[in-house]
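First chain written, first letter: the chains are A, B, C and D, and each begins at residue 1.
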Amino acid sequence: MSELLNELKEKVAGVLPKVTCFIGYGAGFDPLRVAPVFIRKTEDIDRLQWNRFCVHNLATYLPPHKYPPGFLFEADEKIGILLKGCDSRSVVQLLQEGIIDRRKLVIIGLPCWGMIDVTKLQGRIDINKVNRVELDEQTIMVFTNQAEVSADVSELLYDKCKACQHPNTLIYDEFMGEKRELTKDIEPFTQVSQLEQMGLSARAEFWDKQFARCIRCKACRNVCPLCYCQNQCLLDTRVPHWTKERVDAQSNRWFHLIRAFHLAGRCTDCGECARVCPMNIPINLLPMKMNQELFELFNWRAGTREGEKPPLMSFQLEEEKIS
Amino acid sequence: MSKLGYFPGCSLEHSALEYDQSSRYVCRKLGIELVELPDWSCCGAHAAHHTQHKLACALSARNLSIATTLGLGSVVAPCPACYSGLKFAQTALKNDPQLKEKFKNELKLDCNAEGKVFSLVELLSQLAPETLKAQVKVDLGELKVVAYYGCLLVRPPKLVQFDDPENPSSMDDLLTAAGVQMLPWDYKVQCCGAVLAVSNPDIQLKLSGDILQMAKLAGAEAVAVACPLCHANLDLRQAQINKYCGSKFKLPILYFTQVMGLAFGASPKELGIDKHMVAAGPLLSKAGINQA
Amino acid sequence: MKIGVFICHCGNNISAAVGVELVARHALRLPGVVCAHTIHHACSEPGQLLIQKCIREKGLNRVVIGACSPRVHEATFQRVLVQAGLNPYLLELANLREQCSWVHEDREAATRKAIDLIDMAVGKVARLQPLLSSKVDVNKRTLVIGGGIAGIQAALDVADSGHEVVLVERTPTIGGNMARMDKVFPTLDCSACILTPKMVELATHPNITLHTYSEVEQVSGFVGNFKVQIRKKARLVDMEKCTGCGACTLKCPIKAPAEFNLGLDKRGAVYIPFPQAVPHIPVIDKSICTYVLKKKCGLCQKICPTDAIAFEQQDEVLEEEFGAIIVATGYELMDWTVYGEYGHGKYKDVITSLQYERILSASGPTGGHIRRPSDGKEPEVIAIIACVGSRDAAHGRPYCSSVCCMYSAKYAMLTREHLPNSRVYIFYMDIRAYSKMYEEFVQRAQEKYGANYVRGRVSKVFERNGRLVLQGADTLLGQPVELEADLVVLAVGITGTASTIALAKKLNISHDEYGFLTESHPKLRPVESSTPGIFIAGACQSPKDIPLTVAQASSAASKVLGLISHDKLETSPLVAEVNIRRCVGCFRCLDVCPFSAIEEQVLRDGSKVARVNPALCQGCGLCSAICPPAAIALSGFTDDQLISQMEGLCSQNPV
Amino acid sequence: MQPEPRIIGFLCHWCSYAGADMAGTSRMKQPASVRIVRLPCTGRINPLLPLKALMDGADGVLISGCHPGDCHYREGNLYARRKLELLHRFLPFVGIEPKRLRYVWVSASEGARWQTIVEEFTQQVRELNQTLEGYPSEGGKASFSNEDNVSSSEDKSF
């Protein structure tokens, strides 16, 4: 980890003259958390971090549509970015959609061994009072003033990391470290399959309960790298009047279904929507289900192959798998 | 491919014993292990085919199911009629899951639809010509032969999906690899009259006579065949043909496996060439083959 | 919002199954509805007057009519609105007849459904907006693609009316397949005699510009305003200087099979396709000319008296604008060598019908004497096999080629005229002689010329003792037949061409699996393509004979004249429209639009948004279905209108 | 007796709407269940439209367009097929019975086919209604008349 961090700092020092800003991870508010940092000056390079908590998908800062010009970047800025394998899928998809310009992007890639979901420590220790963390490849020790706990890293990984398909950055200008080989085939849609074991009405009930809790904070949308319609979002407008601002199970369900269909064939399974949800609703499952079906129907996995036409924007006269 | 189910069918047990002998010989030489399907039953021939679609399917499905039970992927049938029946049944089962299910439940027939049904010509055509050439011990370069394919070996094209249905060349290629001079001619797939020999012999005699005539015109000294019925019509009935057409043919009709066998060094007796009605002796002497 | 609802009895067509009064009473309770009436015949004059009266007196600004299918009377009722001073697009029809009263027997259920349909219509009509058609200028020039008889006829017809025409032909000369033919049925006049004057007329017509040896490279724009790139391939002969003396063609030492004679003889690397070619100027085949390939020879250059050989010539790309396009790219014969039973093409004396035309032709490779290709002998027995590659699903050609029956009879006559001692056999499936003087023609071939017609297909052709043997069945006799012949002519089926398919892609018009272009409606719009402003004529649409081809060409020309007689075109307002404030510039709409009607537009702040060209938009709505922020809307079918229509149903209580 | 189910039909103008009209001119009797929304093309269908219909309480959604290859706009139905197949496969994941959605191809001449499809689909939806299986909202319901759904009357105040 620390070797990679040193290499990262060197690489960023090399990249920084070519770009106006480098997006990476920096220290968070406690040892269990990191936060995105925007590095514009050489002296800030030391703020960079790389550890097992760097879960954020930094690609979300890239679509110029998402933030008004000047909010993060000026229109013509060239930007450097650190991308994990999963995050790089979002970038590939954004490139495919013509939303970002590859020429204005310098990507540093690396292998990723999975990120730790700190919420999985909840219950064993008060994760909001942690003052020290010791971490090696296998185990993590977390300390508060009152207690300490040690755990197996592999157990604490995010579900998406457990089902990781792309441990190495897919497109990059520079790659650090050695590429990680996946040792075994992992079913990428296990979370979906689990839910599908329920009966139809049980599943309806499951979602009703989930959606009843939604407070419509729209954090899921705001964090999504592919939701870049900004304030033109269909979920914010009254013309056309697809949704209401009313918060109830039915309207919330509708809200999330619209989002799911807007992400059909585009979602890159980064899981950020579910991670940032303050109500812990597993909303990422809706687009993930679409992804599963689109994979079965058209062998499509968004953001894994550059230049390929998305399935819902193409067709064949004779569809192989649709009768 | 080295090991596969062997379905001889009725002819190869009796009237075409020599086809069986020579087929087994050639396959042995080429390292193909033939496992005769135990307790095989009639393929239904064209009697079943003309009576009922399901019956024809079921008869052949039974034989395919024996192969499946033994874990044999593919099946080879030297007789084109048997081959056609097996292929027909397999295709029907592949395209009709309901029929397959019905056979499975009611007749306890479990056919693997993945394995391939081969005719012997098709099977040997899978081999590289070099493999065949490596086995050649006797030079048959003097022998001028035409290959006669008959109707079912390459037809109907949609079912068989092998070789050109109008101008096939697979058997010619096999025998060329065995060192024989193969002559081009136009009657490769012309009808020999088939079982009309029984009901309307005059038609069969005319049609078979035409084939012999064309073979003669092409300059052939022998006709290579791959079908017991073609063989019977051209060889067994050659004297009748001569009588009916007023011709004087003495054209030896050999199974293509016999010709290959000769090239591989087998004696004519081993290959059952002495069983034919039209003696091949003079021809073999001319080609310099020891007939002992 | 003042909505008027009118429910039609349609005599008793609707009222027999639907309680129309109940429906009208219900409609009155709907939000925005200020009046609801039943009418005996809404489409009749009194009915129309009542609707107009209500619009005027009640100040209606939206109208719902529950009557027959909009496919029947939408235009009628739109006119009623216009006459009453309302925008015609403020109308919504509820289909109470075809989709309700005529298909339901249970009166209560039908009435309940009719109420739902009115609810939906009222829901939708409330969201409708007045729409105005836009107008675009019409360019008066016409492009004709293809210089066969269809293209020639169409070009002359348009040009004769005083409009400018550009004709583009892929090969070095115009004339097409008709120029290859000897005499043509049913009158047996010489093809060249009737075609060549037209070719010359076209080349010299003051309103026509001819580009031979040229191809259409790129097409953009829309009806009235097409932009076309034409590639003039380098002929390597200066057309200004060349006098067409042909000295170069005589000297050229290179030989290649002559395309015009379908390989029956050879031509040089520099050649004039045939004596009556227009323009009568040679072309150099760059693929074989040794000077082009190796800078050796150059004999033609040396011999040319006017110094017209121009090896340095380059392709030239012209950009032109047109208001209308006529596609007349013709046909070719299908590749008959897939027929193994006829020898896969290995017998020299088994030839195609077009090759036989060349053999019969006085300007052909044998000078009009019938000699067979293998040994140059006169054939005694000539067999013609009809339907080779026609009406043959097994070879993927299920359709009839429509001319083979007739030209087979023609061959019988011409052959017997040339060689009175010959015998001609025609193997056929049926005789299709449907047009004027056609049946008589076939009868004449049989009775006066002694053509032997054998009904049955030929199962095999092979060689025996130096003659061709045909085996088949005479299905009238019920017997197998065998015929020894010296020459076998296959009446080979007609197919669309690969180059037509490529052109169709450039033009964005549809074609079928055989390469024939698809007309807009098989009966009522036979010369319109699927794209407005592009018309089709001749055998590129389907196999057809010369009279029909010429008729269709003139028909296409008249359609063009109808189009360019307008100075401005009115476009349908039911097209997509972009709300540029909501567009985020993802351009998914641009990707899916089948008509290339969407383009990028750069706003003053530098951001890019989509823009719909209303003249190109056909109103399918694919774009609006894929736009994430719903910034693009199809007028008349906007999200809001459809939502409102559905909610009209879902939110109302049934009676 | 159960009330007849209410099915929303989305039909393209060129083929299927004409096919349904043809069933009418031929007096081919059908259950009075389908309420047709006329669209220029199935390509116009955003999957949200049928989804909203189901969410708002329609018992079924029947979509019909030109046969693949016959689209008036050449390819609208081919795009629609992919979207609708995805929708169909997605529905059960959020607890909606996929049998309540069907998409078919009916040409302008296939009045009889339209009649058969309406009969079959209505029967299918009737059977689903009996078990109240797979309604999008909690507990199911027999008719959407008493449903407090997304669309409330506020939409109707013009």
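Couple of notes before you dig in:
The criterion applied here is as follows: a contact is a pair of C-beta atoms (placed from the backbone, for glycine too) under 8 Å apart; a residue touches a chain by one contact, two chains touch by 3 or more.
All of these numbers come straight from a predicted model, not from anything done at the bench.
Measuring from the average of all protein CA coordinates, the nearest chain centre is that of C. Computed from the mean C-alpha positions, the centre of chain C lies at a distance of 35 Å from the centre of chain D. The mean-CA centres of chain A and chain B are about 65 angstrom from one another, to the nearest whole unit. For this pair, chain B with chain C, the centres built from the Cα atoms lie 51 Å apart. Residue numbers of chain C whose C-beta contacts span two or more other chains: 592, 626, 639, 643. Multi-chain contact residues of chain D, defined as those touching 2 or more other chains: 46, 52, 75, 79, 83, 149, 155.
Within chain B, not a single residue touches two or more of the remaining chains. Contacting chain pairs (ordered by label): A-C, A-D, B-C, C-D.
The part of chain D that touches chain A in the complex is made up of residues 46-48, 51-52, 55, 68-69, 75, 78-79, 81-83, 85-86, 89-90, 92-97, 133-138, 149-150, 155. Residues 192, 195-196, 200-208, 241-242, 244, 249-251, 253-254, 257-258, 260-261, 264, 285-286, 289-290, 293-294, 297-298, 311-313, 315-319, 322 of chain A are the ones that touch chain D when the two sit in their complex.
The touching residues of chain A, when paired with chain C in their complex, are 65, 75, 97-99, 228-230, 232-234, 237, 239-242, 262, 309, 312-313. Contacts from chain C toward chain B in the complex involve residues 339-341, 343-344, 460, 462-465.
The touching residues of chain C, counted against chain D in their complex, run 1, 31-32, 69-71, 95, 97-100, 102-106, 109-110, 112-113, 116-117, 120, 126, 510, 530, 574, 592, 594-595, 618-622, 624-626, 634, 637, 639, 642-647, 649-651, 653-654.
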